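Naming follows writing order (A, B and C), and every chain is counted from residue 1.
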Amino acid sequence: MLRQAYHELSLATRGRGLYEFTAEVEAWIAREKFRTGLVTLHLKHTSASLLIQENADPDVRTDLENFFKRLVPDGDPLFIHTSEGADDMPAHVRTALTAVNLSLPLQQGRLALGTWQGIYLWEHRRAAHARRVALHFIGE
Amino acid sequence: MLRQAYHELSLATRGRGLYEFTAEVEAWIAREKFRTGLVTLHLKHTSASLLIQENADPDVRTDLENFFKRLVPDGDPLFIHTSEGADDMPAHVRTALTAVNLSLPLQQGRLALGTWQGIYLWEHRRAAHARRVALHFIGE
Amino acid sequence: MLRQAYHELSLATRGRGLYEFTAEVEAWIAREKFRTGLVTLHLKHTSASLLIQENADPDVRTDLENFFKRLVPDGDPLFIHTSEGADDMPAHVRTALTAVNLSLPLQQGRLALGTWQGIYLWEHRRAAHARRVALHFIGE
């Protein structure tokens, strides 16, 4: 019998960087006893992203952050939307270059993630923020 | 009782830039009386994108456009696929760097968008185009 | 009557480049006699991407590959995660800049793809790999 469910997570960041929250998503799935279906995540912000990336070597996250810092420099004189600071517009650009939603199949109670894949919130602002992720499930 | 629905939107662009169409998606949801579920959008083109971005300050869209113009220059001598003009291959690259589909939970008749989020069609070609977006709903 | 299904594809790559697999997805849809619904694809890797792009002129794939090669150079001294070679960290960055999942409406047994759209696996590593794609369907 197919059913659906909705939930929101609130994630606290300490400024720029990648924060894994695979465990929070899995806890919701376990609590609700979902077995088979589709899990969709949507981040309700325009200056942070959702990303699936390697959760083995933390150097990968350092390199990702450094690459994006160089590709979209803070304080770039190109930008006119600067009212919230030098990292404001770069955060929007970084969001456009990545994603704010993800869809993951669920099979026998497990997300169809690869061995090294984790689900990350990528905070693009320098200051700490509270970020909200909408979760939707449809399945059994 | 779960049900599903399919619809296509046709959006007219006046060349490069971001065009908000949140209202068109919401109008379909209201017309069909969808309450809770998952809304998926797919853009049927390879030289334009779907983007969720800030809909408050229009400078954000200007800066996004200018950043991408600099990152993927028109007429770049790197490109060999140039038959349709200097903006043809850059449009494909910009599409690869962004997204052509989006998935949004619907809760109590409202899309789970953040306060400042709007749904945009990003036209990457310089000329005006008619763009088609496939909409799918599953839920109640 | 709504139902769902899950399947995994294994795709063999011969190193860097774009590999179309629209036909493999369509073959699953035909075999299972799906008519109307939502097809979700998730790539279970962090150094390759899923991409919807033009399947007419092969020059588009050459240009995409060359653009990404220049944007994210192999062996960039910025990177510290280099244990698996000069193309290891660039592969993670290229994955972050593109996507690992896609959602496509299905209508009357046909994916809602545009005339020129094909579904590609984009291998970012130089060596040949076997890549797994999780497929989920919900609908009728």
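Definition applied: contacts are C-beta pairs under 8 Å (C-beta built on N, C-alpha and C of every residue); 3 or more make two chains touch, one makes a residue touch a chain.
From a predicted model like this one, the values you see are computed outputs, not experimental measurements.
Engineer: Between subunit A and subunit B, how many degrees of rotation does a Cα superposition need? Round to steps of 5.
Structural biologist: To bring subunit A onto subunit B, one rotates by 120 degrees.
Engineer: Is the contact between copies subunit B and subunit C built from the same residues on both sides or from different ones, judged by whether over half of the numbers are shared?
Structural biologist: different
Engineer: Between subunit B and subunit C, what is the separation of their C-alpha centroids in Å?
Structural biologist: That gives a centre separation of 20 Å.
Engineer: Could you list which residues of subunit C touch at least two other chains?
Structural biologist: Residues 2, 38, 71, 97, 99, 103, 138.
Engineer: Subunit B touches which residues of subunit C in the complex?
Structural biologist: Residues of subunit C touching subunit B: 2, 36-38, 51-54, 57, 59-60, 62-64, 66-67, 70-71, 97-99, 102-105, 107, 112-117, 138-140.
Engineer: Under the touch definition given earlier, write down the residues of subunit C that touch subunit A in their complex.
Structural biologist: Those in contact with subunit A are residues 2, 4, 6, 38, 40, 42-46, 71-72, 76, 78-81, 83, 89, 92-93, 95-97, 99-101, 103, 132, 134-136, 138.
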